[in-house]
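As written, the chain order gives the labels A, B, C, D, E, F, G and H, with residue 1 at the start of each chain.
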């Protein structure tokens, strides 16, 4: 390693302090930072690697999965098409695909899922995004409870489940036209609510922008919002929160 | 009246049919339409005259009120400032002003209010718009029940009032940032819900556009929407509906 | 039923009042609310069940219709494709499909349609949305009069029909680029006007947003607005209003 | 003048053709173009000079008017404040100011106004923009007929005036929230309609953008649109059209 | 005709004046207006009938053309696809189709084109819209001069044509991303400029909205704007203006 | 309490089970829910009461603070003006005001702050929002570390602080024009990042919407977003997360 | 040439100076300007000709390339599809196509590339736009260094390359959702940064508008922005800057 | 300095290589980077320090200027109000203020301005932004030529100046409603054009967004864009380019 060698040279008097100092300054940050950031990544790596498959070139996608499988590394792909699945499968027969969440997975040994994240949807049309969130959270080691089709247009559906939802460390709320679910839920729980607007709907929903605005403007306390249809992103935040909550119980 | 006179002339042979026909065709539509539309207006006139005061020139505003008072005609002004009130008051001392709803009123004899319209708000900041709606509806002869500050961030406030709200013939829902209240309410009643987005809020509320979009995109059945802060407009529709509901009971 | 049993246990002294109280509090709201809401739903069920078919999974859609047909329950599906129709037809041969309104219907026995809703369009391109509205309103038991292609660019078409339109209890106005029809009509009738912007048009119509804004900003009294292309939603509100108007005449 | 001199030098053999050619090519376009464009401006100058006063520095504004008055040149200023008027008046006592149209004028000798432009407004709140249009058109030599407060929410007002409006060579339609007036009028006349959206209104009118969109999307034939509140711009186009129509009658 | 008959009956004493008056009032406006509006339409009908083909149902489209051909009436269709052309052609073999302008035409006898409209485009990609405009204007009897690909990014192209353009009675300017052409041209001519934004472009052009805004905000005098890609609409206005200009020369 | 009394009556045989059941069903949800929700509120009440002062009527605002002070209850007001402060101070002299964060506070006894929330800003202009966030989080019992003016335009400022930031349980990132800070930070930490766009800036920042969009679209993992300038909202979520993290260490 | 001939006629006395002057004024600007502009174009022509292929008619596209090849002129086409490539290839077999950048090229002799432009991307999905930029810059004679996938979500990737990037005369930064890269880079270099937002992403990225706004609002000094996905446009500006930087070293 | 000291300790054997390595890794980046970035800043410091005064707290602003003046360091402030000027002047009497550009300056010794930047505006209302740009560029050592009021609505004004503009190394184009100037100019020069949209205008200009879109969508080659009204930002980029162009001539 360069730094080690450099310090040895300083110690040995092979180079002057001034020279060493100069060299240190022009060392690419990465060389120094890399180990640290690597360590940093390791800390996080309980979450495993995730590939955003949408739009990835076929060749590239297959190679990534091959590499992970060779290294026996757990890996997950989001937004994968059936075609991508079949392509990867030719090379990596162990790969699994879930057509609802569009998730590709390799080699998920059974691990103990900890804590609890509640994944709630307003309607049935939001389930695809919800499963992306739920399966991502599970992939990251969180236990997930699913509460689907509890939109506010029929508030009794939500009220009948509220006590179970209150048990979670974090609540993911997924809603399209009916972005209102996040507000109602946040008023009934005391844990962080991660709101995911979906592009479900038509007309003035503007492909999810309306639901996004509804959620960002919510009067209820404890809501923060991720991008439209971004189930993965919500799960990432939720898994971070859930990990903080369960860490000290172990 | 011109038409009568014309027909008389036809009868008397003073003018030929061709000439009469020609004259009829170029008669301003208004002359013919007027009576009819007047009659039409009379039908509606249970609602009384309403002036939109905002931006009206002082001189003009005072004259209008003077004219109505001379004719002993009931009249109401919306979006009036205190300055406008004081101006009108000099000439029409009987005029009344409500600083919350910004409504100017003349000569409202006590009349029996009929049926029922529920006026609901999400928060206390929406009350100004709500009072514009409520007092307009009362001016139009509808009985009004007020349910303020029952926003969905604390759903129990709403649920404790729901049975009273269900009694109304029409529900006006007024909400700013928290446009969600319309969806929740519409899922709990079987009467038309008129939703009024308000400009209350800050940031991404975009002066009420966010709430407007939330309400337009609602999944709940039975919701229609009026312009931002348009309490008057909602009351007009609600009073029409309420009148339809009570008409046959008399 | 749990509540009954619980109260019996209280009466029998099997459990203490404190325990009963505690149990009551954690009873899912639904259990208590359900009967009530069910009753509530029954009240509304003169309207029958409606399925939003667009985007529904094939398997799920077929099952729903099967279930309703088994129960001899009247059911309607909106936004159905021909493919969905053919799929459902295999299992439910009695199903009917209207390619203009994209409505699937089962078992509509001839029932008496009551009151009157006027369904008006600005152009011929709005007819698909208009038929969704008209047939939905009929499905909900309302009599419907259709006034198509009476847009304001040729005002005489509208004026020649205005007296018939004035007879209705509620007017649905469907217009795309020419959102102006709602304003003109509302000025000529004294009943509620439900405006439906459509996505018909091109360029700066922004898929219906322009028409939506025109309608929301209308100066005419008595207009409220539903989502772009939402014929179903307008019909729901109109049928509620029409029901209020006819209820007391029976 | 350079070109004259240059040609003289060519004629006199003082410079070679090649040199002259080269010089001609590097002559600033303006030098050549100026006369032509000046001539061009003269052709148009039946319209007189117009100053956009809004935001102009006081000193600059006063100087401009002084200069015109010295030259006995007719001049008009739009969007002038009362303060600007009083400032200019100190130096140019003959200046006139109209507080409705916010127009400053100097020395408008009585000239014969020709042809006819109809200036129509939907409401009374649009009159300020309408007067800017009407007085500009008059300043440019066009005869103007005013038809104010004939918005479509009371269609009979418009219909009673339509035959007079049909007499004009060009129709300017000024409307805020109720952008619909342009469509209705264009369907009833066979002359060009210049539509001016105004910022009058509130809520979702978005300071005139809604009316602009309504007008741009109009289904009626013969409409073109200028910027929000741009009465001056509409008058300019209308005066051009009116001039084309009257030119050959003289 | 009803009115004639009615007047006869009045004259003959068959009905009283009161009755006649009443009947006159409830006569559909259309009956009276019709003749007048018909006459009005006739005045305009130098322009011939134009069908907006886009989205028209096949069956309906074919019938319209059949009817016109039977009546030997000149007719034009805009936004027609090749498929629509081939469909119509089966029934109306004389129909003609231009694949650039997407215009279907029947039976255009050679008529003398009068006056002059200049149709200008910024780029070659705008030619489709330009041909819609040019051929529509010709169909309406106007002579058209085409000036294509003279966008401001190479100002010399425009300057070399400017004197020819100045000859026209009206200038149509068609530009996509480079909406600037309208401003430059309007500064160089003294006739009305009709600006047509096009959806040509990518990225932040927002399907023509950017060009629309550029044109609406132009500082140059004499510009008015029609909808994105609306070549037909621009031609309609231009032909009205051209007709006014040539009328008195005949 | 009604329920207790009711159960006692059941036990005593004073009312039948059927009657009791019926009464239970029509009991306002609130009565039952209240205790529970109250308890729920108590759980959260470590967070204390917070009043949104902006736009509150003077009289109302003073009363609220008086009530809390009487009850010796800790209370905080956000978005308070100096005028509001002086008004409240007259009645509640112990009230404290911070002019940077615009926060009013009463009676904050020194309590131990736990865990750690990092509050970071891109520039100095974001500090007002940051202090609202920081002081709210402290009010809710969280320890706060401030890292101001570490925007990405000078990345070294951020890098020099990154290790301290990594220690926090949750990171609040506040940035206006430069919404990029959230992405960079989220890539360097493994804890949830709550992003707060601010309205700081000019031009195309659109009062914070640009920063909001930047943050919502961030590619970095672990970011969720609250409304523009909503320091309070971010602090609420962060305090919830921090509480989850520290709970089990006690 | 007309001007030459005209001057000869002046010299020969065939026409008067006045006549010559008049003719000069009406000479199309182009005739005079052309040579000059042509010369101007020649100056720039180190950049070669570039065709924007997207949407070009097949026939036209083939002809353009044929013409250039005949003239042995270097030419490049951007946004070409594979189909367009194959079409052109039939006629111009020497044509080359790069499927990543979608660039068609003819006859690029090896020329020395000068100076240095750094082309940086945030992610791998931006590479297509980056290659359009890089290959265009190379076509225009600039040396290019590529730095791909150095987005700010993993800041170490960027920091490890920064010294190489600092060597360039101009930096092109291409980023989609993560528009933040431009700000970070501009803070680390002292050369102009040309930012290219890309349409890569989903949800609230609004096809690149979010990234565009991020970049336009950047706080960092030295950034200017081109249209979404406009790699070509960025390369044009960068090559101009690079040429200015290297010109004087030769 | 820490690094020096550490290396000395390594050399002296006071700490082991491993320890030194570890310490190096956790050294804040800043400590190492600072010198380098400082050096980097020095390289740029030919540009001097610039303070964005708008919204800065008075106390803070005064201190900054005091500090710079103490250090005899040249400094400039943008967007300063007259009030800020008078405040600073009390402490720093040498401070200078330009009320057009809103620029505060200290101690600008006369230095030689090099190269050339052309600053062009469409109208006179854009001059404030133009002077911010021009004076900033001068402060950064660039020679500036001003070309004001040459908007495209009178193209001859621009054409008469074009040859002077072509002499510059970089052109800044400042335009509000008439964003078109950038396109026209970029077609006439072969140097980079930096376009600055301004908020000048009214109606649909949307405070400069329209001009921004016009410029971003320009078809002309060689244009890049900065934020609305951002004269400073344009000058920064232009000065960087100008410096690159003149560097090698010295």
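The criterion applied here is as follows: a contact is a pair of C-beta atoms (placed from the backbone, for glycine too) under 8 Å apart; a residue touches a chain by one contact, two chains touch by 3 or more.
Note that the coordinates shown come from a computational prediction; the quantities given were computed from them, not determined experimentally.
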| item | value |
| --- | --- |
| Shortest contact path, chain D to chain H, counted in steps | 1 |
| Reference interface A-F: repeating pair among D-G, D-H or G-H with over half of contacts shared | G-H |
| Residue-number overlap at the chain D/chain G interface, same or different (half cut) | same |
| Computed distance of Cα centres, chain H from chain E, in Å | 50 |
| Distance between chain centroids, defined by C-alpha means - chain A, chain G (Å) | 39 |
| Of all residues in chain G, the ones touching two or more other chains | 26, 29, 33, 37, 154, 159, 188, 203-206, 209, 212, 216-217, 221, 227 |
| All pairs of touching chains, each written as two labels joined by a dash | A-B, A-C, A-F, A-G, A-H, B-C, B-D, B-E, B-F, C-D, C-E, C-F, D-E, D-G, D-H, E-G, E-H, F-G, F-H, G-H |
| Parts of chain D lying in touch with chain G, wherever the complex brings them together | 3-4, 7-8, 10-11, 13, 17, 20-21, 24-26, 29, 32-33, 35-36 |
| Residue numbers on chain G that touch chain A, as the complex places them | 124-125, 154, 156-157, 159-163, 200, 202-206 |
| Complex interface listing, chain G residues touching chain F | 122-123, 151-155, 159, 177-180, 183-184, 186-188, 201, 203-206, 209-211, 213-214, 216-221 |
| Partner chain H, residues of chain D touching it in the complex | 26, 28-31, 33-34, 37, 54-56, 60, 197, 199, 207-209, 212, 227-230 |
| Contact set on chain E toward chain D in their complex | 37, 40, 43-44, 166, 169, 188, 190-192, 194, 212, 216-217, 221-227, 233-234, 236-237, 240-241, 244-245, 247-249 |
